[in-house]
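In the two complexes below, chain A is the common chain; its partner is chain B in one and chain C in the other.
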Partner chain A sequence: MGHSGGQTGVARRQRWRGLFLSPPAIILAVFVAAALFAPFLTPYDPVTPFLAERLQPPSFLHWFGTDSLGMDVFTRVLYATRIDLSVAVASVLLGIIIGAPVGALAGYARGWLDDVLMRLTEIMQAFPQILFAMALFAAVGSSIWHLILILAFFNVPVYLRMVRSSALPLRESEFVLAARCAGHSTLSLVIKHILPNTLVPIFSQFSLSTAYAIQMVAGLSFIGLGVHIPEAEWGSMINLGAGYVIFGKWWPAFFPGMAAFVASYALHGLSRRWKEFLVT
Partner chain B sequence: MRETLLRAAGYLLKRLGSVCLVLFGISSITFLVTRVLGNPVYLLVGHQQSPEIVNNLIQRMGLDRPLYQQYFRYMWSLLHGDLGISRYTFRPVLDDIALRLPATLELVLFAMVLVILLGIPLGILAAVRRGSWWDHAVQAVSQLGASVPNFWLGLLLIYFLFFLVPLFPPPLGRLDDPGQAPATVTGLLLLDSLWAATFHTFSSALRHLVLPGVTLAAGAVPATINITRDSLVQILASDFIRTPRAYGVEKRTVYFRYALKNALVPVTTVLAMTTGFLMSGTVLVETVYSWPGLGLYAVTAMDHFDYEPIIAVVLISALFYAAAYLVADVLHFIIDPRFRVR
Partner chain C sequence: MAIKGLTVEIREKSRTLPVVRNATLSLASGRWLGLVGESGAGKSILALAILRLLPPSAAITSGRVLYNECDLLKLSDGEMEKLRGQDISVVFQNAVAALNPLFTAGEQVADVYRTHHRASKREAQQKVVELFAALGLSDPESTARMYPHQLSGGMAQRVMLAMALICSPRLLIADDPTSTLDATIQAQVLDILLDQVSRRRMSMLLISRDLRLVSVLCSQIAVMQAGEIVEAGPVGEILSRPVHPYTKQLIEDAELNV
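Moving on to the complex of A and B:
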């Protein structure tokens, strides 16, 4: 935004480098690469059981061992990146697409619309989320599309409230008043002038929400919702391996959980870097 | 004095009203979800049944009536505590819940104590020693805690502290031997066994509670740390702290007399939010540890395509969440005089 104007080219380049070449950004790039190139990185198939090689510990042949159906855990962790990342990102984006414009409108228009929306989002955030997702899944059936919609539903109030609170002070600002004098309708004013000025906090919240969404996807699949065994997904893999942990067979549950952990840790780190990037 | 009491009563009524509004909203949304998005008949019998059976059920359940009539009937039975009948325990859902609620409450309360004992002191430490090694360490730990999938952490704890080093009992239920359960007074085994003075049972209950409690708390501690730290940092930078410090009032007096009290308001709000988070988290944690509470009840019901228990557990959890918010509001009223003027 405006405050980078006084910096020299070198300083600006260093700031961007600090963001994109930081450890969290590199880790996330590795995850994206794993998702894209999974078939080239492993000789095994992610969903074909091979019962002769059940529950083999990690070895040179199977880096992360094999699970209770004899599937290679490393292969499945790689392929799972596809579902976990795309479901998480898609649901957060959908939440922003719905929540941000409505929030901008509520912050600009205020009045009864604002009141109703604030009460509604309060109610939505009061829901115990995992339980509510269970009720929704019970009603509409369990599938990946429903999983995306439900997680998007949880993200809508977050962005609605966030954009609303940054839109509130803009209402009286000079450029908005000028635009109104120039004869803009409320709708075009909100979309063209209010919304673009509320985007900055959205970015740092975006990676936090994605981290949370990854944990929700894994958690819901762990209790059998959304993604089903044998499809490769971190949570359903943990579910498949959970029963063997008390017998000391840790690897089928350990590695997928580790992947989810590292991915969301990197996303948290990225959000922090982004905040620092904005204030320097 | 009388005026303050009147104002307190008015404030409480207003908060109570908004709690009722939230509960009304939640029960309405669950109605919409089950009756409009989904069809309860298919939830009960699946999609393969013949049309006669389905039509028969539709009539018996009153689903052929107009939606508003169904809605009134649903709300009416909710108000009378009728939550339906479970299809796999063959008992009223309300009875099932009464049986399992104490287990969940004990778990949530234990986790809450851990959250308060860990989150608030660490947040204070990070704020008071801001920018120091302590601050960075606490923040790193809280970022780790926020990124760990809870249920996976539970599995790790089971592997290390049950399988490798058997410090804790296997993750199956609340006691070594269900026969040693103390007579029910509160339903919380820790309290009941103390009441009955059976210390063997007490230690058994405690040992079963530690791992699930730690697992559940781990997810909620980071938020408590962050909010305690951020609000205290803001307060420590304000005039009413810097002025007495400049006049030479002792650090400890300033911190405990002025700073902490002001920081408690946002923290109580966070603890109320934490209640909702913990209630929701019990679903996964109870599944990992086979803890016989509401979360496991809902998951088992889901495996049997039984939706009424799930709805009931959603509503009960929302009730607890709303109650926690109410308590936080009352605490604000007591802690912060500014609330009394409004």
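Moving on to the complex of A and C:
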């Protein structure tokens, strides 16, 4: 970040503009707006079946058509944004809140603590995630809260290892030594000097993890875990519509699928833009 | 402060390398001791050993570090943390690297004050601005709001000095504090450092490669070569009657540079 010191205000503003006015950022803003303003953007209710209008193709009245229960697909895609984004973001944040400080401590302290934690994260990451999630759901029952906790559980080792690896060179840095000479305790060193300096990689990983979490939410809901029909969620909507695709009724499954695809694509793009932003 | 028979070894795979061998030094309260020697002689390691902040690969294998009649090597980690910054503090060579890039100069110095004293942020900030002014920073308030990358070398060195002095320690270890600065700035920063140290009646361990500098400032000199203190004593005695060949060499070189 030392580069920004020599730049003029105009150049700096252009860099920020390149980040925030990039297509992925704009797409994500649209998704967030859809989640926030869903009730104002559509006249329909997302969870009330209307069997008289089952499987209507896309039209002026129903932009994305209706599904097998007669619910407006556009409305449901909008409302689903709320669940998918908030579950994904909440689980990643929870993973960071737990993983980052522990990782910073492990990287700073090294020794047996570090060894134990690294082996633990390896065990956690060795499980196939979908299978592991299915087993956990079978044990604790499926609900949105459990979904958040399980996805957070997958994110903890990712952030723990990442923050640990950025803490390793920091512990040898002169300013950490200087801070120790000034009498900081281990805890305040980790919180004030190590952790803040690992935020940059956390940011670029954040949108990648969120994209992956969206795929997991949709994937698990698709196989009937996590979010249940008729609750509006992209994966469970695809599940509901999947059986009708072979009859030519593609729209109930296609649009939520596109939404999940575009959202995770945009998050990937944002991560890449952020990395480019940092090196320019 | 006194060091008695201190040995520091670096363990590297199967072999151990002594980097400080059987070092003995003493520094009376309020006096200045100059520790000279070429780079790699073990001067900085010795300084870090006093504070028990050696890198993990190095360890003190024997000896004692006495401060106020207690052995620092026997203190608990917590007691040692209290002592660092409060009783003994350090000024490093490269001040810009010694500051955390994410916090302003003022925040960092105030934070050191607050780890040792109960004080509100505002009080600590006030203290910092006063000290910055005393250290000759022309606009102390705006300097306090600057980030390390915005500081010039001389400013960063003064901020670093403020960090070392904010808790009024009794002993300052100055590890080659000016060698990265331009000659003119070097003289300014050195002046301010000496002014503060003498005004506060602090003791100082000045580590340097520059024998001339040390011989002008300090009353005592210790010469270090390849991990060993080869000669130590009052400045006049060592300069006029050097015993060790390495000391003779250093004196000759210093005079050649005049």
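As a convention for this text, the second predicted complex is superposed on the first by the 280 of 280 C-alpha atoms of A that agree within 3 Å, B and C clash if a C-alpha of one lies under 4 Å from a C-alpha of the other, contacts with A are read in each partner's own complex, and residues count from 1 in each chain.
The working rule: contacts are C-beta pairs under 8 Å (C-beta built on N, C-alpha and C of every residue); 3 or more make two chains touch, one makes a residue touch a chain.
As the structure is a computational prediction, the values presented were derived from the model and not from experiment.
Novice: Who does A:193 touch here: chain B (first), chain C (second), both, or neither?
Specialist: second
Novice: First (chain B), second (chain C), both or neither: which does A:215 touch?
Specialist: In the superposition, A:215 contacts chain B only.
Novice: Applying the document's definition of touch, where does A:185 land relative to chain B and chain C: first, second, both, or neither?
Specialist: So A:185 only meets chain C here.
Novice: In the superposed arrangement, which partner chain does A:48 touch: chain B (first), chain C (second), both, or neither?
Specialist: Neither partner.
Novice: Identify the partner contact of A:250: answer first if only chain B is touched, second if only chain C is, both if each is, neither if none is.
Specialist: First partner only, chain B.
Novice: In the superposed arrangement, does A:86 touch chain B (first), chain C (second), both or neither?
Specialist: neither
Novice: Between chain B and chain C, which makes contact with more of the residues in chain A?
Specialist: Between chain B and chain C, the winner on chain A residue contacts is B.
Novice: Touch check for A:174: first (chain B), second (chain C), both, or neither?
Specialist: second
Novice: Could you please specify the touching residues of chain A with respect to chain C in the complex?
Specialist: Touching chain C from chain A are residues 1-2, 5, 110, 172-175, 177-185, 188, 192-193, 196-197.
Novice: Under the stated contact criterion, what part of chain A meets chain B in this complex?
Specialist: 119-120, 122-123, 126-132, 134-141, 211, 215, 218-219, 222-225, 235, 238, 242, 245-248, 250, 253-254, 257, 260-261, 264-265, 267-269, 272
Novice: Can you tell me which positions in chain C touch chain A when the two form their complex?
Specialist: Listed in rising order, the residues of chain C that touch chain A are 51, 53, 55-56, 78, 81-86, 89-90, 92, 94, 97-103, 111-112, 115-116, 147, 149-150, 160, 163-164, 167.
Novice: In the complex of these two chains, what residues of chain B are touching chain A?
Specialist: Residues in contact with chain A: 21-22, 25-26, 29-30, 33-34, 37-38, 43, 143-144, 146-152, 155-156, 158-159, 162-164, 170-171, 276, 279-281, 283-284, 287-288, 295, 298-299, 302-303, 305, 307, 310-311, 313-314, 317-318, 321-322, 325.
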